[in-house]
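Labels for the chains are A, B, C and D, by order of writing; each one numbers its residues from 1.
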Amino acid sequence: MTYQVAVAGASGYAGGEVLRLLADHPQLDVVAAGAHSNAGEYITAVHPHLTAYGDRRFTPTTPEAFAEADLVIMTLPHGQSAALAAQLPAGQKIVDLGADHRLEDAAAWEAYYPGPHAGTWTYGLPELPGQREAIAASTRVAATGCYAVATILALRPLLDAGIASPEDVVVVAASGTSGAGNAPKKNLLASEVMGAMSPYKVGAHQHVPEIKQASGAASISMTPLLAPMPRGIISTVTAKATGDVTAADVHAALVKAYDGEHFVRVLREGQWPSTASTFGTNAVQLQGTVDKDSGRIIVTSAIDNLGKGAAGQVVQCANLMLGLPEAAGLTVNGVAP
Amino acid sequence: MTYQVAVAGASGYAGGEVLRLLADHPQLDVVAAGAHSNAGEYITAVHPHLTAYGDRRFTPTTPEAFAEADLVIMTLPHGQSAALAAQLPAGQKIVDLGADHRLEDAAAWEAYYPGPHAGTWTYGLPELPGQREAIAASTRVAATGCYAVATILALRPLLDAGIASPEDVVVVAASGTSGAGNAPKKNLLASEVMGAMSPYKVGAHQHVPEIKQASGAASISMTPLLAPMPRGIISTVTAKATGDVTAADVHAALVKAYDGEHFVRVLREGQWPSTASTFGTNAVQLQGTVDKDSGRIIVTSAIDNLGKGAAGQVVQCANLMLGLPEAAGLTVNGVAP
Amino acid sequence: MTYQVAVAGASGYAGGEVLRLLADHPQLDVVAAGAHSNAGEYITAVHPHLTAYGDRRFTPTTPEAFAEADLVIMTLPHGQSAALAAQLPAGQKIVDLGADHRLEDAAAWEAYYPGPHAGTWTYGLPELPGQREAIAASTRVAATGCYAVATILALRPLLDAGIASPEDVVVVAASGTSGAGNAPKKNLLASEVMGAMSPYKVGAHQHVPEIKQASGAASISMTPLLAPMPRGIISTVTAKATGDVTAADVHAALVKAYDGEHFVRVLREGQWPSTASTFGTNAVQLQGTVDKDSGRIIVTSAIDNLGKGAAGQVVQCANLMLGLPEAAGLTVNGVAP
Amino acid sequence: MTYQVAVAGASGYAGGEVLRLLADHPQLDVVAAGAHSNAGEYITAVHPHLTAYGDRRFTPTTPEAFAEADLVIMTLPHGQSAALAAQLPAGQKIVDLGADHRLEDAAAWEAYYPGPHAGTWTYGLPELPGQREAIAASTRVAATGCYAVATILALRPLLDAGIASPEDVVVVAASGTSGAGNAPKKNLLASEVMGAMSPYKVGAHQHVPEIKQASGAASISMTPLLAPMPRGIISTVTAKATGDVTAADVHAALVKAYDGEHFVRVLREGQWPSTASTFGTNAVQLQGTVDKDSGRIIVTSAIDNLGKGAAGQVVQCANLMLGLPEAAGLTVNGVAP
């Protein structure tokens, strides 16, 4: 059985990665690759790596262009998804990578985003307890923010196991540059980025409420950094131990939480996650320990920000919503070195 | 129909890429991943990106370990393939990425390689005229050198079309660092390579006789450079025009040569190849023109040195030799950005 | 007035950077560049960027080779400085970049380093209160660890101002690859590092006791990461506020602490440190704020790990010890982009 | 004796590098740092690495703002220098990094540049025979193009020595991204460039006539590539030998041509140039040999495109024009690794 998928926002980096995954997906076809200013252009003029698209062109981003789609994937700038979704038929399935419909709490939305809260859809992180079934039963799914995926999957098992305090979680995470999109800006030029690491949005990142909602944390300090690499997020999550916790306890909590999960891998003792190992995949690598001096629990996670952090998880949700094998068209084997 | 494949040299970068491709290949299974000093270790201890291999371990590199393989892929250091091949049954199919069996001329071998010439196998570049059929009919195939793939595919159409002279071809090509392997050396350290470009083996690269043999060139000056990127080869090939040749003539010669080829793409006018577009693929990008000042023909090609330059072409040959679809398990869509 | 300087460990990256700074220093000359296995080789064979050394060669690392030096700079592997220092005349000034003589507490030494504690020298961080004068009056100075420089300078002003708690400090810091030295190892190969971020020594970094000693912190969780760049450290330091602390309070504490300091720059509001801005310098960039969700104070610092993190601070100390202008031969202007 | 220098185009990368060099120059002071849209802004808002400029701001680019300058350095987009120069007093010395006044032949100008030819100034490459004296005697100097510096210095000694033919020279050169400036463009984003090499302006680069004029070459095919590094040019220059030429002959021709030159270094046999070794310097590294298969002479040169390729040579020319030591404020020691 093959389904038709439309992509809104296909000229961006996340949209391009969706197109890449769908081009080699055994059961999903791209019926429309929607863009705005690029509508009408060759897909390969914007994404020269997507050889399979040959002479195909971007379509406009309209309900008409997407009419034949069984499912619409939206990789639009934050705030634009709600308006488009409102124009699509209620029965047309949607996975939205934008932040518009992730938060349950309107006040949390208003604290970090402009404009009114658009409502809440099913949260698209299948590895959370009960969430896989909820996604499969939904027509509207709000996929997870890139830093949020990496941080929630590292943090929640600690809280669920009761070994970490939900208060005073500290997260420092670094992302590759594709997370900042492909609109030209001076600070994203190769000349500026190569050889450089620097923080941004310090003290107020918009993924904080989403991480709290999905992990159960009560307070999070999160500092993001831009790293000189095209892809990848590495998130270092530290939390206070609730008692006498060992590295083995941390490892066991992670292993238990992800037993049987295809895309999440708790590494062997002594191995630590590397973004390179997740390049091009929907995989998550995790490892944890306890700090010698402070007794804090430290868990590090690595993902591909365009994979499990964006296009990969979106295709994973689409597979679930359409009744396909969850891993169809997705890999856990990184393109390395 | 599924076939069993053994890999000799699976702990190197090219071997790791073969394992990656086979892990997601619909009709080929890895029956043994042979190594030397790493035999007995977890595959993921050496290749932490190959999540699918879980708890599997490297085997020794012996005929016994490979006994159940329908086909053996060798990614061994140059000079070691011949000895191993001699121990394998005559009917067991082999694709060898080493240089041992590429050259027809023993004198050419001796001019660039140590030790005696081991003989000649079918040359594993399916896009050459007649070669696809020869490979499909062979049990022993010698795959192509990484620089050679990029250069031959750029050069031969010019000579076949009679628009370029076979004399005085000049090639300057840059490779990512994975082409130099994963044995630790100071000049390959990240600290040394990032921000650096430098030439090596200037004036005497061992791929020259192979390029001449497969392209028909009479004389080649080839200078390789090490580039600060993990993968990719970009080859700039220039040749003297035989007469009044235009950019359109060059483009037409390339298009004609690769009409219908799945992995070779002659770009649209104005687009030039980029290694990034071929990252993780078996694809080749080509573009050409005529130099304004000198009248020389210039053709640039881009490949992934571990893809079409190594593991990709090897899997492509294996597919042909086993009667599978030539593109099975291979993609043309690069992992970019 | 010109002084003679000998360098022990001149074939490593830190030693090479010392040679670079001394080559263009107006009042310091290199009388001997000591090495072990490289003794007798051309300096430019190991450091091809140090053009000014022309046909000079490395000397052995012996008291005889260093006899004419007014001051000896040691950039040896941790644990080797003490043995060499014991052989040098008591009046010969020494700046040691090794960890051997940094710690006051023998128990702290033993918790993180092998071998017995060698004793304590003047701690070589001139920007700490009173330390400039102590260094100028010393013949033996123990320079600061690279992560320690970046972290102490960010943290101590918060504790001195009483706005941050010394308990439960959390530090996540990323370093360029030159911090790991130039001995060839697989995990430091360019192929492995480019595109990759990964943590190491998680939960137990040897700079923790040094940071506590020099900053007054009571408990520190520190996680270091390897970043895909040749140089630079970015340290994100978070600490609990002691009361109702604002971003302006944090900024004011930093400004007050470094008023008049030549090498430390607290950035304008809205600007955050970048390792690129400190490339090739002895400069430190700082900026801070208060986290919106958690109320934690966040201060980020950037240095060149081979500059203020190693060779730069060593030359700064040498200048002080010899009565030269503190900034002689050192710059605050980064080589960027 | 100290002189006042004004910089026009100080907000670009080349202009920023001029500011960096002048900040640490013992005898030149920056009296005005002129910009257009950035006039009035802090210099460190655009160049956060130039710590020494503190609270200084960009000035407008006008004769009034530059009135007190003994010498004006222009790093403007090609075509803008002539208009500004026409407004400055005839006695005010100018070094122009733009192409406007480099070419002697108006037809050559018109073949590669838009607009009318503005006339010819003294060519600012002091290492050419007789040129050092010409520059010192000039009030108007046209500095050399970045690819031109690297290529001319590699090529001319071969032609002067009569060992290479001026016909059919083939050049392939790669540049770091700073050569493309700091105006934001999608193809220059870090996401696009890291991991990528690609050619541009294939077959028609504007530096070709300049190289021919200054080297004596009759015909040049030049292909430039963009490399994933912030700085550096590596130029591979090949030319047909005029007879039976050996590697020793090539080496000897280079050594003879640059005997006594402070900034040009012909490497020892076996060493080849690397851009990393020239990072942040005004140095040139050269090495050559003869190709085994074709007999072509191959010479490779490395420079910092912002150093000897731009700001370094401009300061070198300014030193000569003002009667200062030629190397004042310039180094030959690269910032590496």
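Just so it is clear, a contact is a pair of C-beta atoms (placed from the backbone, for glycine too) under 8 Å apart; a residue touches a chain by one contact, two chains touch by 3 or more.
Just so it is clear, the model here is predicted, and its values are computed rather than measured.
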item: B-C or B-D - the one linked by more C-beta pairs in contact; value: B-D
item: Most widely separated chain from subunit C, with each centre as the mean of CA atoms; value: B
item: Averaged-CA centre spacing for the pair subunit C and subunit B, given as whole angstrom; value: 45
item: Euclidean distance of C-alpha centroids - subunit B vs subunit D, Å; value: 37
item: Interface hub residues of subunit B, defined as touching at least two other chains; value: 13, 176-178, 182, 189, 191-192, 194-195, 228-231, 274, 276, 279, 337
item: Subunit A residues within the subunit B interface of the complex; value: 13, 16, 20, 23-24, 42, 44-45, 47-52, 177-178, 182, 194-195, 230-231, 265, 267-268, 271, 274, 276-281, 283, 285, 331-337
item: Touching residues on subunit D, where the partner in the complex is subunit A; value: 13, 176-178, 180, 182-186, 188-195, 228-230
item: Subunit D to subunit B touching residues, read off their complex; value: 111, 168-170, 172, 174, 176, 189, 191-192, 194-200, 202-204, 208, 212, 219-223, 225, 227-232, 234, 236, 238, 240, 247, 272-276, 279, 287, 289-296, 298, 300, 302, 337
